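Listed next: structures, encoded as structure tokens.
In the two complexes that follow, subunit A is the common piece, with subunit B as its partner first and subunit C second.
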Partner chain A sequence: MAHFEKANSIGEWLDQRLAVETLKRVLQTEYWIPKNINFLWAMGMVLAATFGILLVSGIFLLMYYQPNVNSAFDSVNYTIMSEVGYGWLWRHIHGVGASIVFLIIYIHMFTGIYYGSYKKGRELIWLSGMGLYVAFSAEAFSGYMLPWGQMSYWAGMVITNLFSGGSLHADGLVEWIRGDYVPGQAFLNRFFMLHVLLIPLAIIGLIVLHFGTLRIPHVNNQDGEEIDFDEAAKLYKEGKVKESKVIPFSPVFLSKDVLVMGVYFILFFYLVFYHFEFAMDPVNFDPANGLKTPTHIYPEWYFLWSYEVLRPFSTNIGLIAFAIAQVIFFLLPFLDKSPNVAPASRRGLFKFWFWAMLIDMLVLTFMGKLPPEGIWSVIGLVAALVFFALWIALPIITAKEKKL
Partner chain B sequence: MKELKIFGIVAIFTLVLYWGVEPFAHSQMHKHVEGEHLAYSDLKETPKGDATKGEALASACIGCHSINVKNMPAPMDAVASAAAYGVNPPDLSFAGAMLDEKFFAHFLLNPAEVTKSKHFAMPPSAGSIQDAADIVAYFKSIAPKEISPKEGFEFACGRCHANRYAKWTQIGTVPKTKANITTGVDLDALEFKKNLGMYQNALAKYMGKLPPDLSIIIRSRSEHFLETLIENPQSQLPGTAMPRVGLNKEGMEKVMTYLEETGDPSKPLREDIGWKVILFFIIFTILAYLWKKSMWKGHH
Partner chain C sequence: MSNKTTKGRRDFMGMALGGFTALGGLGALYAMKRTWDPLPSVKAAGFTTIDLKDAPENVLITEKWRGKPIFVLKQSKEMMAKTTEKTKKRLIQIGDAHYMVSVGLCTHLGCIPGYNPEKESFLCACHGGTYDATADVTKAPPPRGLDIPPFKIDGTKLVLGETGPEYEKMLADGTTLAV
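This part shows the complex of A and B:
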């Protein structure tokens, strides 16, 4: 056993056993962040805070939710909404949080794309982030099943049907996923398990990995400048904070994060109390009924763009397109052939690529919710084709990009 | 300044996104029914009624209906009525206060046509428009001044629609019963369930299906949808068996208040604490700004 001296304080006692001083230095006071950043760099902490809120509100909901096809709907809409003190508040926080977390994820992603934060050593940051995106998507979908309303049931039906693979007719796979011919008790139970245990575990693991991948390449900055972090840190520690290009994560960077979080929470709680309808679809306030298909079945807004990539094509092509759309963003660091790490505005054609992609995904999102009729399906088809054309164009235009 | 510009771009894209997936999408998905603010403009104006004459004519009503404010009971209970007519006829105490005068008079002349319901159980019940107006005047004269939202709901909706979150069934509020302490059997509850089941079977046969429970209808349909549906069910659900019930403004208010109280009970508390939480975060943000300012001092 190691030799221990008598400690003179609790801090020292902990330091001897856990090296808390070293941890604090490594994770906070000497974890260096570039100074040249804007508020978009706070989105990571905003996401972490939102995940925390989802976790806590979820734990409260879990104490009253009943994963049973006969009682799930009423346990949410009656027990939690009107019998449990402030149950409605936890549910609204959870519902709004689940929707808003995707808004922040998309802002976070497009920030990364705009500033080229997935390139030159930062590939794993992007890949682990995309892993988080997929895990959050699975978490959102499984959670959407739990109130067992009409949209839960029919979205569950439609999405699990995708696994039949069109002409492959893999109906056995669909039944295996559902545990039944149609969504029922087995289906609800397994999605409950996924939502409250397996996927949250995966998310927590991925968050740790995502933070870990940042460590060596460091956070990008507004100009994509390559910084000598050792030298900058040395300057900072010498007290030349003005000359140094870096700041410590805590407390300097954190103070800005907290400010951004404050603004974010004002908006967040405004939505929770006064404008939550967007996150809680009215159709899901009708109990699940396998004999009555809703007039319009559509996913939540954050899945609409990929839903619209699927919809305008025939079944098989649509499924292939959908599968590609799900994974194509993973390939971004490898399809972008440019040597430059710089904001899109300085990168020639990539600048147009960025805004075209953003607007195209917005158009896909709009069309994904509208009934696929007339002009809407034409616009949807064009937007889906543009989506793939942009991905095909990406390696070509970035390969031609001049080195800055 | 640069940060504000970036924030502006993010905010604009977010608002456009919201507009596209919420107001715009919903305006395209649901047909808009204008409604006519309970004018019932398809019906002609009616003459002025005489309550005294109406009282004599209304004596025919108690062959099927109760008038509780006058201590006149119904000839049959709810279950027997449903077996006979398909649905329990309403107590008429509140009819004069809840129903539109013009609608009520025309309804007495020709219930099936005025309710736009193909097989309405009630037969034509007034000889002339003047008789009908007299009966309406009588029911207006006996209606109590104060009607609770619950009473309004029971009269207008509650004999076809349950509201399980408010423990309301088509045959009344679920009674408090006691189980036998040694066996756990609750015969009174079972009896009630059996009666309810018999009533619901008769009702489903009459309406074509069991009308939906309205516990949280206020959250699954918009207020506008519900108001235009109640005003004229055919406008929102063509072919529906639901009759036009002819509520007046006060009647509609009672029903909507009740639906909101049972379906969205947290609304008063939400509005009361919402601004306090927001105020907390405004103060939090001001303090965070001051902290950030002091932390970044000398950094630029």
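This part shows the complex of A and C:
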């Protein structure tokens, strides 16, 4: 039995048993953030908050949703939308949140690319972040199956067919994933399980890892400057707050985060209440029908760029291109050969590479939404080829970059 | 007891524990794999009989087999005139009539192509692939014509799910892949 003194306050009582003072110091008051940052550095906490909102709205949807091919559609579109008090609110928050979370993820990613926040000790931050991107993609896809509308069914059909591997004809694998020849009850049930349990568990684990990887290298800053955090922290603790290059995560940096989050949530709830329809595809308001494909199948906007990488090629090449596009961003820290951690604007050719990549992904996104005909097919093909050309060029142009 | 024997015993216990844990882990993985398999009831349900007698020419009929759409298209004289040696092999002959019977899922990624009776061709709206009236591919991305389901001819009827000599011939000469 360890020795305990009588505590004089609840705080002290908790500290004796849980070391809450130490936790607070390590995770908040002495976790140092550089001063030289801008609002883009708030996207991490914006994402964490959005994940929290998705979790809460999901819990309430879970109370009435029925994972059954005969009743799933009505449990969402009738029961939750018109019978359950405020059921529509949870659904619209969940739908809008699932879409907007990808917008913030892409901003967060491209911020990291622009400022070189994936290099020199920060590789694991990038890799765990990409792991989160993949997990969120799987979470979005599995959730999209649940209303069991036409888009749910046919997206499920098309995406699971990707696993046949083109000419490999691994139809057995596809049927194993589905638990049936076509998406059916077994399919809906297992994707329900993935959506509400297994993938969220993986996401929570990855978020903890992502925060952990940030701890030792610390967050980057606007100039990619290498900061002596011990020295800067010492200055701050001595009261030389102005001279120090850092601030504590909580409450100082967090208060900036909260300001950005405030602006973000005004926009978020504006969309939830007035423009939720952008996240609700009209085709998915027809119940799933295995004998009728919608005239035009397209994924949600956040998958369009990789869909467009798949589309212009024949099956096998398309699948290989798609598979490469899914994982190529993982390799970014290893394909960027430059020693410089600096904003793209100061990195010579990389500046053009960054903007070319961003614009190319926007073009792919727009082309993915348009029907695969005539000039759109050609632009899509060119943009897909440019995407791969840029990745091939990256190690070459970064190797030639002058050290700053 | 000397340190050496303690170490030997600990190594043995460690290896024994590790071995049994690995064994249990493999067993668990196998059980998990089997749990994801299609149920026997799903696999057993799988025979559909369709009667081709009254099928009209150049009108697409859609049946259902194993949850998948089955296209039936009776060929007209004009359509037959357009067939080649290769595409003719895709058709099922009953008496004088020729029928295109295939699984109505695009061989690219499984969307259902739509039939245009005027152009006598199929278009898959998902990725723009096209097929002719015998369901042979005419424009990529689909890698091949629509797959033909296993069938057995029984008078004017077709039993889907059973394998007859005509279907075996199609498999043997590569006209279709096994579905």
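As a convention for this text, the second predicted complex is superposed on the first by the 404 of 404 C-alpha atoms of A that agree within 3 Å, B and C clash if a C-alpha of one lies under 4 Å from a C-alpha of the other, contacts with A are read in each partner's own complex, and residues count from 1 in each chain.
Everything below uses one rule, namely that contacts are C-beta pairs under 8 Å (C-beta built on N, C-alpha and C of every residue); 3 or more make two chains touch, one makes a residue touch a chain.
As the structure is a prediction and not an experimental result, all values here were calculated from the model.
Peer 1: Touching A:I107, do we find subunit B (first), subunit C (second), both, or neither?
Peer 2: Once the two structures are laid over each other on A, A:I107 reaches subunit B alone.
Peer 1: Return first, second, both or neither, reflecting whether A:W176 touches subunit B, subunit C, both chains, or no partner chain.
Peer 2: second
Peer 1: One more residue to check, A:H296. First (subunit B), second (subunit C), both or neither?
Peer 2: Touch partners of A:H296: subunit B and subunit C.
Peer 1: Which of the two partners, first being subunit B and second being subunit C, lies in contact with A:S377: first, second, both, or neither?
Peer 2: It touches subunit C, and subunit B stays clear.
Peer 1: Once chain A of both complexes is superposed, is A:A186 in touch with subunit B (first), subunit C (second), both, or neither?
Peer 2: second
Peer 1: See if subunit A has more residues touched by subunit B or by subunit C, and give me that chain.
Peer 2: B
Peer 1: Between subunit B (first) and subunit C (second), which does A:N316 come into contact with in this model arrangement: first, second, both, or neither?
Peer 2: The answer is second: A:N316 touches subunit C but not subunit B.
Peer 1: I'd like to know which partner A:L162 touches here: subunit B for first, subunit C for second, both or neither.
Peer 2: second
Peer 1: Considering only touches as defined above, state whether A:A399 meets subunit B (first), subunit C (second), both or neither.
Peer 2: It touches nothing on subunit B or subunit C.
Peer 1: Need the overlap of the two footprints on subunit A, from subunit B and from subunit C, as residue ranges.
Peer 2: 295-296, 371
Peer 1: What residues of subunit B sit close enough to touch subunit A in their complex?
Peer 2: 2-3, 6-7, 10, 13-14, 16-18, 20-22, 24-25, 28-29, 164-165, 212, 215-217, 219-222, 265-266, 269-271, 273-275, 277-278, 281-282, 284-285, 288-289, 291-292, 294-296, 298-300
Peer 1: Would you tell me which residues of subunit A are touching subunit B in their complex?
Peer 2: My answer: residues 35, 38-40, 74, 77-78, 81-82, 88-89, 92, 103, 107, 241-242, 247, 251-252, 255-256, 258-259, 261-263, 265-266, 269-270, 272-274, 278, 280, 282-286, 295-296, 301, 304, 358, 362, 365-366, 369-371, 376.
Peer 1: Using the touch rule from the top, collect the residues of subunit C that touch subunit A in their complex.
Peer 2: 33, 36-39, 42, 62, 64, 66-69, 105, 107-114, 125-128, 140-143, 177, 179
Peer 1: For the complex, which residues does subunit A have touching subunit C?
Peer 2: So the residues of subunit A in touch with subunit C come to 154, 157-158, 161-162, 166-167, 169, 171, 175-182, 184, 186, 190, 290-297, 311, 313-316, 318, 371-373, 377.
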